[in-house]
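Please read the structure below before turning to the comments.
Note that the chains take the letters A, B, C and D in the order they are written out, and that residue 1 is the start of every chain.
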């Protein structure tokens, strides 16, 4: 299988996930300011997930750009990642509708954590396939972002039960860390 | 990142937004003419949003056609635009279901305003990247459409609370202004 | 604008419309045979619309294949067609859920009629742009299918109020007429 | 019609089906562990269907890769397959929400069975069109997977009414059989 097709499929899935998420935002029944207020946590979780999915789309693209040949391993590692990303609208809706209650906020973090792990597995699978001189390995380098994110997610999951604001702050922090596209890979492609 | 991929992703998102909007039109329970009447404002807002999204798809394409290299700035300015467009089904449904009540009508205008601003920011980001001889800048020219639209949106938001028909008329007016594809850019591409 | 991009956008919209239609089929609450029975008319209308959209996708492709240059006229004629196709899930759901009641069945036919007219307008716009030696005009020939379909739709709309079975039969008849891909255009492309 | 376009349309439909399936997972109202428990069967059926659709996407691609010319036969055989795949979100939701009750579990198997038959018909149509030296025929070989799957599905349908766990085990078994990409075709493409 060519890389192009896996890329196209992944892009389509991420584009759909990022877009259908809006359907989890239920249209309010009232038409006054009171009706809008409970939408605030919904809107906040929507925005957060939108940014996360955009980051995944972007970094995923950069990573796949270094793949030449797609075998069964990479294919299924990629589908595994898409699986966790496909759950984002569900947990986003659950967390938003319940105004960031502890358990939904923790489950939201759990899905993000699993997506991060899936991303890491995909990265590892590609590096292994590329062999000792893996250009992806060189590009990724020490990968501090990839290492620190799961720790922050795990902390957020636990701290959701202390105060959800801490978890929320951690989710925003991870998004900020990643919002800068991975310049290491970018610069390597540039060469 | 190549322009092609950002184009493909944007096209996919806009195609999905324009299409899932129909899911916000709830199937009526009755089967007589009485059941159809409350659908009229829903249908009107659906049609309006459909046209708006088609205009965005079209002009967005013309604009991206002049981009050579996609950096982080353009990438995120583009995602920012897609974010506001992704909210169109939500506000369309809210405005339609509530028969163009003042607040939903104003919020509809707010999302259109934010999308217009996001479009403007994207345009500016591209022009800046292209430098002093920016072909997009020359093509856009004085950009009276881009300048007048936010003013009309802002007016519509305020006037929603006077009479929603005025706001509705303004939304239709902006759509009519834009429905003609941007011939300036088109002619420039032609050369 | 190149033909390719309008094709890609149209394909995406039709693919989404044909797929989200399933979301209008509400999951039944019961788990016995009784729960399945009311699904029969829903399933029938779903199948019918699926076939219609597949026909549109196919013929639309054949037609666009003969377009070289996309101007504003063709662009908006195409969006007009997509608009009516985008309403198919809505009327399919309404007709199915109400077990083919007269009014929903007639409205279903109305949307099909408008889509057929939109298709005809698109065809005419392309032929006009191609000028006197229009290859599409030669390929389409006398276009008996295009002429007879609107008449059958209009009859079905009226006859929905006599007996919905007649309307249903006419909808199936039109689908059968079109299910054979347009060999005239196909053979012309082959040359 | 070129193979590329049918491939693109099929990919889009499968990507949408696999992604909108999440919308059938209704966001729970509660926010405690009790609210999560009834989601387990929903999540299980979601995961199973996700894997099935990924398998179809993958094998479908491998098969289409051997097609040169797409005639009406292949076109409609392909749409027939997409039709059954499009029903997967519906039966997944029905089975999951009703905690794998016998009838929904059997109907789930029925849709899988019909998809398998549709896949087989598509394969046969391609082989027939390719003639006596069909490369697909050689690649498929004795096709034990294709032969054993319908038998397992049919057994699962019947055994749903004995115990749904048996049906569930059979569905998982078929998924495991197919999860390995079809190496026969792959190796043949490699040559």
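Annotations
We take it that contacts are C-beta pairs under 8 Å (C-beta built on N, C-alpha and C of every residue); 3 or more make two chains touch, one makes a residue touch a chain.
Just so you know, these numbers come straight off a predicted model, no measurement behind them.
Graph distance from subunit A to subunit C, where chains that touch are one step apart, equals 2.
Of all residue numbers that take part in the contact between subunit B and subunit C, under half occur on both sides, making this a different-residue interface. When subunit C is fitted to subunit D on its Cα atoms, the angle of the rotation, on a 0 to 180 scale and to the nearest 5, is 90 degrees.
Using mean Cα coordinates as chain centres, the one most removed from subunit A is C. If each chain is reduced to the centroid of its CA atoms, subunit A and subunit D end up 27 Å from each other. For subunit B, the set of residues touching two or more other chains reads 8, 12, 16, 20, 23. The touch graph of these protein chains is a ring, one cycle where each chain has exactly two neighbours. Contact between chains, using the touch rule, shows up for A-B, A-D, B-C, C-D. Residues 1, 5, 8-9, 12-13, 16-17, 20, 23-24, 72, 75-76, 79, 82-83, 86-87, 89-90, 93-94, 97-98, 101-104, 107 of subunit D are the ones that touch subunit C when the two sit in their complex. Residues of subunit D that touch subunit A in their complex: 8, 11-12, 15-16, 18-23, 25, 27-28, 31-33, 35-36, 47, 50-51, 54, 57-58, 61-62, 179-181.
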